[in-house]
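By written order: A, B, C and D. Residues from 1 in each chain.
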Amino acid sequence: MDEITRTVKYEADTDPHFAEEIAGIARGETLRACIQCGNCSGACPVSPYMDYTPRRIIAMTRAGFKREALSSTTIWLCASCYNCTVECPKQIRITDVMYALKQKAIKERLYPKRFPVAVLAREFSAAVRQFGRNSELWLIIYLYLKTNPFAMLKQSILGLRLFLQGRMGLKRERIPMGTGKKGDLQTIWNALDRADR
Amino acid sequence: MNHLYYPGCSLKSTGRAYEESLLAVCATLGVGLTELQDWNCCGATSYMAIDEVKAFALAARNLALAEEQGKVGPGTPTVDLVAPCAACYLVLAKAQHCLEENKEVGGKITAALAAAQLQYTGRVVMRHPLDLFTNALGLDAIKAQVTKPLTGLKVACYYGCQIVRPYATFDDQYHPMTMDHLVTALGGTPVDWPLKTRCCGGSLTGTVQEVGLRMSYHLLKEARKRGADVLLTACPLCQFNLECYQDPMKALFPDHEPLPVLYFTQLMGLALGLERARLGLQRLFVPFRQPVGV
Amino acid sequence: MSETMQSAEPRVGVYVCHCGINIAAKVDIAAVVEFAKTLPYVIVVRDYKFMCSDPGQELLQQDIKELGLNRIVVASCSPLMHEATFRHATEAAGLNQFYFQMANIREHVSWVTADKALATRKSQALVSAAVRRVVLNEPLEHQKVPVKPNVLVVGGGIAGIHAALTLANAGKQVTLVEREPTIGGHMAKFDKTFPTLDCAACILTPKMSMVRSHPNITMLTYAEVVGVEGYVGNFTVKVKKKARYVHEELCVGCNECVEACVYKEGRFTDTFNEGLSKRKPVYMPFPQATPSVVLIDPESCIELKTGKCKKQCATACTRNAIDFTMTDEIVALEVGAIIIATGFQTFDATRIPQYGYGKFPNVYTSLEVERLVNASGPTGGEVQLRDGSTPKRVGIIHCVGSRDEKTNRHCSRVCCMYSLKLAHLIHERTDAEVYNLYIDMRTPGKGYEEFYDKLLKEGVNFIRGRAAEVTDWTVTPEEEGKLVIRAEDTLIGVVRRIPVDMVVLSVGLEAHADADEVRRLFNISCSKEGWFLERHPKLAPVSTFTDGIFIAGACQGPKDIPDTVAQAGAAVAEALALVDRGFVELEPNTAFITKELCSGCHTCIAMCPFSAIRYNKEAGVAEINPALCKGCGTCVAACPSGAAQQHLFTDEQIFQEIEGVLNYV
Amino acid sequence: MSDTPAFEPRIVAFFCNWCTYTAADLAGTARLTYAPNVRVVRIMCSGRLDPQFVVTALRQGADGVLIGGCHPGDCHYQEGNYKMLRRFHLLKRMLKQFGIDDQRVRLEWISASEGDKVQRVINEMVAQVRDLGPLALVGKPTPHPDASEKHAAA
């Protein structure tokens, strides 16, 4: 890397409402209480792989560095183990903040390209939305088709073994949808969609 | 004892052996599990990344179904809902907390459930099988039925993240012991190791494999280092990550040595003298060959 | 209408204070002034920037003289803040000071209300109430009560020691009560003190022996206050002296008994050494213990537990000081003032399990390390691990039990500095590589930042990050056999794993577990965390809400030694001001009985917790002794006929106030 | 300005000097903002609270009454708060018979250090009484129209 880049951040490039917005979705009202102690990063089992440590994500969120926070790999590497949340001395629900950032990134299409976690989340929710349950085999197929079809070849051995051991079937798990009867999931979706509008 | 049972998607596929062994063990111990009819996916960690309200609504529908099928409502006692998958257990418990704490989200969800003539009144108690066995049934009752004690077997009990965090209700968040005590009751020897609650990598193993593999590799390595013959899990995803990826793990980390990874219910079944096939042991990638009860 | 009202037509002056912008920014002062002008009996209404200032006070004094005002209302801050100020001003202008009434439009209005219009309205209501009430105020006189000359100091740490000595040097008779068998407190456990690194023992032990030898000080160690009665200037205190099983006046501290004990070696936890060594059932707390007297622990002594010991200790004592029949003893004291200096306890590190205290032997608390580096400690000042070896790498974790919502929210104020001190001492004695893991470095004291600077130059490592965990999970060869501290180095932005031989947990300071019981005993308040509450954080930092009881040192909040000693001096000054004055003026808000209305029903008599009410058989009415009445008004509320009333708080006054606050429309 | 001004309750509070009044001062020092509907009358001890005070306040136009005293065991005068508690139960029963919702009269133990509790309790109570609506008593004075306008404007 011989290239030198200029990194000054102008106030006009920040989003002054970003922190509020994220705190709102995340039930993370305590976001602003962060003292930047880094306990979250220290407790996080995945932090060594992140481009920004969780602490920096909190700082960037608070400071309105929207683009940086939303396009970071950090939020997609979060494995939802809740260690940061449990350990935070200010009781910030960091895992929920990460969820909120993921939601926002997907909405704003700012997540790193072909980053499979975001695709997984999308494919997963689409399947659940349609069938009410999730079938792991189909999920994996979609995931690889949308991200890296070549990697699927490597995974096919694993898939085959799972199939042979009876741990993965071709049958789609589903529950009746759109019956309009009592408890119908489709009715609930519709009600939620209406409320969203 | 009769309980409603929420299997979750994984127990119907990759985690089939968990369901098989759980049902077999419960039948032997006289614990009745009735599968929740028409249950839907809990939403897991993925839906939460898409839409919080919808994720909680997915969970809440199951809770409402449990109240209906458990025949509880205002003015009645509670019903137990047993969720063996750690992710399902957490998501359902988290939804309960959210419905209680957050009026705004709670209101939206209640309204959506009402559209489908469902309601949730807060009368479901989420239970993980570990909680069920150690606290509701009691270790003495289990001990009494052990026919093949796990004498000499060194076991690394792995709890993972989501049954102890962030809502540790039935066990200690930092040093959980329910599974260790269970192993002792079965005649085995739990090893003391520091990574009991360290994340296995979760869904990362499938998406950012180099990260997930390394996390799982370290867990297995440390368990071996502490002398474990077998590692026990209480979650289908943990079991999948730790067991099924041991071949690619070996490719990435040449010093990796295979270690059998079982559901704790499978080992329970062995100690209770059940046939291996009833416990789904034939589905293992890393076979567990150690004889028990000798 | 009372007689006083008829005697002179009320002429009320109302003064609205801006308090700079504290009130004026949230309350439309002009609107309050205009409103006050419409109230009955009001002759003049003025506003001023600071009513409590001299010109402010002169304003009302001038009006009393020139306009013939006979009632004063000031709308400003809380009466708990400036009531006395304005009463004096009123009195100085020749009016009885109880013709004054305050309306609290700062603490109860401008500081707590978001909307200016509503704040103005609320202020008007409170002014209206004060005006209506002041019309009914009566001239009263303070009751003078003599003050007992002696002072009690509770707690024998550095705060209590300093307070007792200063009072004694001023010629007061002082009783110093200490719960432990020796005075000295936490400071006696330290080796060096920051930032000067002077030896704690060298500066403390002379003071301890002065306490022992001072003719004006009575030292009651191994003793606890169990009862406090009375009021400012006149307290009766009961102190329980726990049985030591050794007669203090006979023991010369020769330790022959300790030598002779049937236990050849120490077997029981030595609390003075933070459990790092063992002691016998009969023991001297530490070599410089004051008084230099042994004691016997009934929990571990065979004789005291079973009555079946050879009692070699008793035989060995040539002065027959040992007495197994000793029992607890109650001592009664009469004092005019009390200084509470009960100190703090350190945070229990097992409450943060991820740091491994109690699980990994080489994880220590800072107080344990204080003993390790102390020349008179269990290792003679050698910094050693449990196996006797010298650590090569040491990690000091700051903020353990501080700045943490799950344990203690407060900053313990001393940990940064003592951690620096320990880093220096460990580095100096072992040449070990020392890592300080801190969240923020807080060194705001004289010479403190300079000390930090010195440490930086000495080559001690500093990592800005709260340690997430201490684990024996090792990954790399250099970590093998060590403890690993995992933390983010936040200044670099990466997670680091620091392998160390020894972990020092810089535990925070917290209020004693029994702070709540202690404060009840003395009838003072404490914060949620258990710190004793001062009367005002800035202007009355050592006074409490109970007159005559003062606080000093860390029982009020975390403090280092210089601040503790300074505060002890301040508490002494307050106590002296009270005791040397010789009398106190009691608020004349006592209850009284209007004979004509009393039916002699006895209801009030049962209500009074101070036995101030007695039934006069001849007259067939109840009578209240104003000297005993504390002015709670409970009897007044219970009186069915309205015969019982309370000065300053008559039913009529309160009714007027109620009407006033509701009449803001 | 609307034709039907939103109802803003008026609440009289009786706070004891040593604990709750001090706590209210602390809330001020800590700048904890709360609803302006409560007016505090200071008494030395909650034991001084004559049930007549409550009745008078309600009759004079208050929609609710809040009483604040020291926590049990903390009374500056040993047990004034206990003695008031006994009276308080009787009072509540009596008010019920008059058809006054017992949520309108609330008792809270608030120590000198609990400024945040003052804020919470006052906000809760104002919201509660606002929901209950104005206390309709025969002969109760009605608020001045000017005040309602100002409230509504705010």
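Note that a residue touches a chain if its C-beta (ideal position, glycine included) is under 8 Å from a C-beta of that chain, and two chains touch if they have at least 3 such contacts.
Worth saying up front: this structure is predicted, and the values here are computed from it rather than measured.
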* Structure fact -> So the chain most remote from subunit D by C-alpha centre is B
* Please work out the Cα centroid separation of subunit C and subunit D, and write it as a whole number of Å. => 31
* Structure fact -> Chain-centre distance (mean CA atoms) for subunit A and subunit B, in whole Å, is 22
* How many angstrom lie between the CA centroids of subunit B and subunit D, rounded to a whole number? -> 51
* Using CA atom averages as chain centres, what separation in Å is found between subunit A and subunit D? -> 48
* **Multi-partner residues of subunit C (at least 2 other chains)** => 354
* Asked: Which chains touch which?
  -> A-B, A-C, B-C, C-D
* Asked: Okay, in this complex, where on subunit C does subunit A touch?
  -> 354, 399, 403-406, 439-440, 464-469, 486-490, 493-495
* If you look only at subunit C, which of its residues touch subunit B in the complex? -> 353-354, 471-473, 475
* Mind pulling up the subunit A residues that touch subunit C in the complex? -> 35-44, 47-48, 52-53, 55-56, 87, 89-91
* Can you name the residues of subunit B that touch subunit C in the complex? -> 172, 174-175, 193-195, 218, 222
* Can you list the subunit A residues touching subunit B in their complex? -> 25, 27, 45-46, 49, 76-77, 79-83, 85-86, 95, 99-100, 102-103, 106, 116-118, 120-122, 124-125, 128, 132-137, 140, 143, 158, 161-162, 165-169, 173, 175-176, 182-185, 187-192, 195
